[in-house]
Amino acid sequence: MSKTRVGIINVTGYAGSELARILYRHPEVGVEQVTGRSAAGKQLSEVYPHLLDADMTISPSLDSSVDFVFSALPHAASAEALSPFIEEDVRCVDISADFRLKDVNVFESWYKTEHPCPQHIENAVYGMPELHRDDVKRSRLIANPGCYPTGTILGLAPAFASDIIETDVISDSKSGISGAGRKGDVAYNFNEINDNMSAYGLSGHRHMPEMSQELSALSKHGEVKVTFVPHLAPMTRGILGTHYANLKSEVSQEGATDIYRTFYADEPFVRVVSSAPSTKETWGSNHVLINVNIDAYSGRLIVVTALDNLVKGAAGAGVQNMNLMLGLPETTGLETLAIYP
Amino acid sequence: MSKTRVGIINVTGYAGSELARILYRHPEVGVEQVTGRSAAGKQLSEVYPHLLDADMTISPSLDSSVDFVFSALPHAASAEALSPFIEEDVRCVDISADFRLKDVNVFESWYKTEHPCPQHIENAVYGMPELHRDDVKRSRLIANPGCYPTGTILGLAPAFASDIIETDVISDSKSGISGAGRKGDVAYNFNEINDNMSAYGLSGHRHMPEMSQELSALSKHGEVKVTFVPHLAPMTRGILGTHYANLKSEVSQEGATDIYRTFYADEPFVRVVSSAPSTKETWGSNHVLINVNIDAYSGRLIVVTALDNLVKGAAGAGVQNMNLMLGLPETTGLETLAIYP
Amino acid sequence: MSKTRVGIINVTGYAGSELARILYRHPEVGVEQVTGRSAAGKQLSEVYPHLLDADMTISPSLDSSVDFVFSALPHAASAEALSPFIEEDVRCVDISADFRLKDVNVFESWYKTEHPCPQHIENAVYGMPELHRDDVKRSRLIANPGCYPTGTILGLAPAFASDIIETDVISDSKSGISGAGRKGDVAYNFNEINDNMSAYGLSGHRHMPEMSQELSALSKHGEVKVTFVPHLAPMTRGILGTHYANLKSEVSQEGATDIYRTFYADEPFVRVVSSAPSTKETWGSNHVLINVNIDAYSGRLIVVTALDNLVKGAAGAGVQNMNLMLGLPETTGLETLAIYP
Amino acid sequence: MSKTRVGIINVTGYAGSELARILYRHPEVGVEQVTGRSAAGKQLSEVYPHLLDADMTISPSLDSSVDFVFSALPHAASAEALSPFIEEDVRCVDISADFRLKDVNVFESWYKTEHPCPQHIENAVYGMPELHRDDVKRSRLIANPGCYPTGTILGLAPAFASDIIETDVISDSKSGISGAGRKGDVAYNFNEINDNMSAYGLSGHRHMPEMSQELSALSKHGEVKVTFVPHLAPMTRGILGTHYANLKSEVSQEGATDIYRTFYADEPFVRVVSSAPSTKETWGSNHVLINVNIDAYSGRLIVVTALDNLVKGAAGAGVQNMNLMLGLPETTGLETLAIYP
C-alpha cells in the first residue's frame, strides 16, 4: 500500500517544522510538499538545518496531488488556505484557531477578524481525541486544540465529568517561548526573556473561550467560567498549568486520583502521575502529565499539568488526529520518549 | 561619627553574600566580621570571587565587638546563634523564619523542630516596613520576611485593608532557583532545572502561615486562608506572584488601582505599575512592582507582583530594616537601579 | 529471531538513562536489566519520570542472562564491573575511559588510579566507527570515545589524514553541563552555572591524551600535540568545538571542504556543512556537524564541530557501536532527527 | 559646584540604557537629555521599566545645553550625530566603532561604509585607560573600545609589552547575547539562542582590526595578527575570552603571572586572578578578570579574560573615560560589586 501523501502549509514556523520532524519518521505517510510564506524556493534545511535529512524545496503553495493537509498558518490565513482543500474533501488538520470555536461570533470577537469561511465550522471537529475520539475518526476537518487549552481542558475534564467542582475555575499557566512562534520581535529577544518571568493577557487571552467551550460541554451545570492567566517562562518548550477549582463537597485525595485514573485509563498519551510533574519530562514527546491534589484546608482541587507545547500542544496532537482519521494506530510515529535532561 | 560595626552570620549562603555585597557600599556601616560554617578560615573571595574587593577572613563565630548582627543561617540554627546577641541587647536582623510566626506552636508544627528560644518571639517585629514601620524603628530584633510572603503580603495588603476581597485567596508564585539556597543537591543541578518548570509544596509550604498571619491581621473578617502553590522557574533570581481573590462587590479597575496607589503612596520601594511587570525589572534592586487587575467576568482581583528574592526578598529588606533601626534614611545603600537586561 | 538481551550498568547517570531512552525504541534489542548504585530496588521511573513507559526495577547488578552489556559507570568502577562479562566473552561497550588509552601508564598517570584489569586493554577497540569500523565489527569490547574527543578527533582527522596541517593543534571546546554528569555538587548548582561561562582544566584535562592518541595515529609526522581547553557553557546538552591548526602550505577553502566531504562521504552520522553549525541542531540526534574554514590571513585551518554530548558523545555512539558488533544496520534506532528549537 | 550636564544619544539600546543606569547614581554628573530614534516623545520608563526612578522624556535630539555627550548609536550614524558636538568642542565619548581605527581606509573596508567625518579621527583617543590614560585625560573625543577587543587587548597587552610571545595570536571569545544589541531579529529570538552555542564571523569580524591596531602598537616586532573567532553563548551578559599565543622562549607560570600583576598593579578595574574566572563574577561591574596560564607542553601562553560586555565592554568604560576627561576620580560611580549569583 502506498503512503499517504501529506502536505504541510507553513512549514517554516515552529509547529510546521515540528510536523516535518515527526512525520519524517512516520512509517505510513510521506511529506510530499511543504510551503512557507517568505521562504518559497529555499530548501527546508536552509531555514532549519536540523531537518537536513528531510530536505525538500519549499513551495509557494500545495497542489492537488496531496491526500492530507496540515496547516500551521496563523488564524484567518489558515482557514483561507485550507478552504479549497476542504471543498475538495481532502482531509485537513488545522493547527490554527480558525475552526475551534463553534460560535463564529465568539471567534470574530476574540480574534478581531472576519472568519474567511464560517460555513465550514460546523463540519470541523475539535481534535482532542481524549474527548472526541469517535468524531475525530469520522472527521474530514480537524481543529487542532490550542497549546494552553490542551493542558487546561485535559486537566479539568475528569473533574467536570464527575461533577465534583464548581463551574468557576482558575488556570494559571506558564509557557515556554516557542509558543509565541518564530518571531523577530524585540519582546522575544533572548535578552528580554532570559532569566525573566512575566504574566500577560491579563485583560483576556484568546485561548479562554476555547477552554470554556469544551469544559462547559462536560459540565453538568452550564457555562464554565475560566479565569486564565498565561505567563512566559524562560524556557523554550513546555507548558506547566496549575488549575484551581472549588470542590462542591468533600473529596479525598485518593478519590480524586481515582476519578482521573479511571477517566484516562485507556488513553495512550495521558499519564496521571503521583507527584508534581515538570515540563522537561515531556520534552519532545506527545505525553500529558497530570497530577491531582486535594487541598482540604481550602476545599480546593489543584491540578498540575505538563506537556510539550509544540508536540501534544500542536504538531504531535495533529499527527495523533491524522492517525485516527486515516484508521492507523493512534500512536504511530509518536512512540518516542521525552528527551531528558 | 564612627560607622556601626556589623557582623554577618553565615555569609556563605546567597542571602549572606548578598548582605556583604550591599553593605560594602553602605556609607554608615562597616562589615567587621563574617562567619560561615564550613568555610571558617578561608577568605570570603575564595568562596565568592565577586566579593574580592570586600575581602576578609571568614571567622568561626562573631565576637562581642559587633554592634549589629545579621543572621542568614537556616531556621533553628539561626535563633540559636542569635540568642546570645539578643540577650546582650545587640540589635539583630534574622533572615531566617525563626521569629516570624507569633505562635510558637504554629512554628514548631510547620518547621518540625523545637524552637531554640521561644521566649524571644514576643520581642521580635515582623520586618515589613510597609506594614510595621514604627515597630521596626523601635525594635531590637527583626524577623525578616520570607521571600514568597513579601510578594504575597504586599500584593494583597491594600485589598484586605480596604476590605474589597473575600478572605480565601490564592497565591500562585514562581521563584528563581537562588531561593532554594546554595545547595549541592541533584534536584538543583543545572541540568535538572534548566528549560524546566515545576510546581512543588502542594501538600503545604512553610511560607503559608506567615502569609496568613500578616494578612489576617489586616483583614476585617478574621482569618485569611491562603492557597499557596510555589513553583520553580528556570532563572536565578526573581519571584513573580500571581494572586487571585474574589471581590466582595464590584470594583472598577481605576478604583482598585487607586486603592493600591494610595496605600503605597509614600513607600520608597513599592511601585504600583500600570502594566504587568517582569521579574528582571527588579534584578539586584530592592523594589517590589505591583500590578492590579480587575477581572469583571469572574469578579476577581488579580494582582501580579515582582521582586528580587535575594534583595527585597532577603538581604535588601534586611538592610532596609537595619536603616530604620539605626535611624538612618530608609533607602541608604539601596538606591541602585535594577540591572537590565 | 529473538531480540538481543541488553543490560545497562549504572542506568541512573545521564549516559545510562540516555541508553535506556534510545534502546526503548530499538527494534532488535531489548533492555532486560539495569543497575544503579544507590537506586537499586527503585523503579527506573522514580529516578527518571520521562522513562515511565520503559519502566523496570533497578537491580543491584546484572546477572548472566544478558547477551550484551553497556557500562556507564565512572572510570575504574566501570572496568571492574565489566571484567567478569569480558571474561565470559559477553560483548561489552564501556562508556567510561577505562579502555580508551592503549598505554596503561598514560591511563594511570592521567586518571590517578590503578587500572583494575589492564590485561583487557589490548583487546579493546576505540569505538569510533568513522576511523575503526572494521575493528569495531569484530570486537567484543568497545571503548566508547569521550564526548570532547569525539568532536576534536572527527574535526581534525581528515586534515591529518591528508597531511595538510602541522602537528601542533588547539581545541577550544564548549560543553553543556550534562557532560559533568548528574551530580549533587554546588559547582553545578543552577545558580552557579546559569548565565555564566568559564574555562576549566587549564592545567590539563583527561580527554587530551585520547585526542592525541587517535590523531597521532593518523598523522604522517608523529605525535600530535593538542592544546585542549574545555569550557562550561550554560546549556544542558551540546559540545561546540573550535579547532585551530597551522596549514603546512596554502589550501583553498574549496580544497579543504572537498577533503572533508570525501573523507566522510559514506558516513551515516557525519555532516560536513557549509555554514557554522550550532549545537542545538544536533539536540537528541547522533549527528556530528563539521564546518571547515581556511583563514588565509593567518594561514590557519579553523574547524567548528557540533554534537550532542549525550548522544554522539556517549549513548548514541554506544548504540552505533553495538549495531556494528551485532551485524545490524549501523543506524538502527538512531534515525530520529534533532529536536529544534 | 554644579553637576556636569550629560546627554545620551540613543538611550534605547542596551549600551545607552546601561549608561543611564550607571549615571543615575553618579554624584558629579546629571543626565539632562536622552534621545532614541523611534522612541522620541516616550518616557524612558516605557521602554525600560527598570529605569522608572530615572525617568525622563526621550527627545528627538540633544540641544546645545549639554556639557558632555555619549553616543550609543550604531557606527556611521554615531559619528554623524556627534560631529556637531565635536565641532563645538563639547567633550564626547563615542561607544560606536567610528573613531577607533586610526586608518580610515581600514575602517571603510571593514565597516563597508564611508566615514561621515574622517577629519575627526586623528583627534580621537582610543579610550582604554589602562593603555592610554594620559591621552584620555587630555582628550575631547574618546573612541570607546569594542566589547571583544577590551578582553583581548587587556588579556594580551602585558605579554606583548614584555615581549614574551610571538606576533601571531588566537582569540576564541564567547559572548552573551546583549552584545548583539536590542534587536528584533529571528536570529536572536529566545528559542534560537537558548540552550545553544555557535561560532560566527569565521570569514572575519570587525573587531579584529581594532585588536590588531592596539596590540601592534605594543609589539616590539611589528604587526600582530589576530585570529579572532567570536561565539554566541546562551547568556545575557559577559564575554569570556580564551587567548592562545606561542611563547618566544620558556617562561614560568610564576614569571608570567608576575608580568601581568606588575603591568596592572595600579589599575582600579583589572584583577589578575589565580584561577580561571567566570563571566558572572563581573555581572554589572566594571571589572576585568585575567587569568594567566603557561602550557609548558605546547610552549603556549593561555590567557582567560572575563568581563561584562555592557559595563567594562561599553557603558562602564565610557563612564571611566568620562571621569578621566572631567578630572574626577576614575572609579566614581563605578564602585559597585558584581551581582552574584
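Think of it as A, B, C and D in the order they're written, each chain with its own count starting at 1.
The definition used in the following text is that contacts are C-beta pairs under 8 Å (C-beta built on N, C-alpha and C of every residue); 3 or more make two chains touch, one makes a residue touch a chain.
Note that the coordinates shown come from a computational prediction; the quantities given were computed from them, not determined experimentally.
The minimum number of touch steps linking subunit A to subunit C comes to 1.
Chain centres were defined as the mean of their Cα atoms; on that basis the chain farthest from subunit C turns out to be B. Rotation angle, subunit A onto subunit B, C-alpha superposition: 180 degrees, expressed as a multiple of 5. The interface with the greater number of C-beta contacts, when B-D is set against C-D, is C-D. Here the spacing of subunit C and subunit D, counted between their Cα centres, is 39 Å.
We define each chain's centre as the mean of its Cα atoms; on that basis subunit A and subunit D are separated by 46 Å. Spacing of subunit B relative to subunit D, judged by their CA centroids, is 36 angstrom.
Among the residues of subunit C, those in touch with two or more other chains are 14, 178, 191-192, 194-195, 234-237, 277-278, 280, 283, 341. Subunit A meets subunit B in the complex at residues 168, 170, 172, 174, 176, 191-192, 194-200, 202-204, 225, 227, 229, 231, 233-238, 240, 242, 244, 276-280, 283, 291, 293, 295, 297-298, 300, 302, 304, 306, 341. Listing the residues of subunit C that touch subunit A in their complex gives 14, 17, 21, 24-25, 48-54, 178, 194-195, 236-237, 271, 273, 277-278, 280-285, 289, 335-341. Against subunit D, the residues of subunit A that register as touching in their complex are 14, 177-178, 182-186, 188-195, 234-236.
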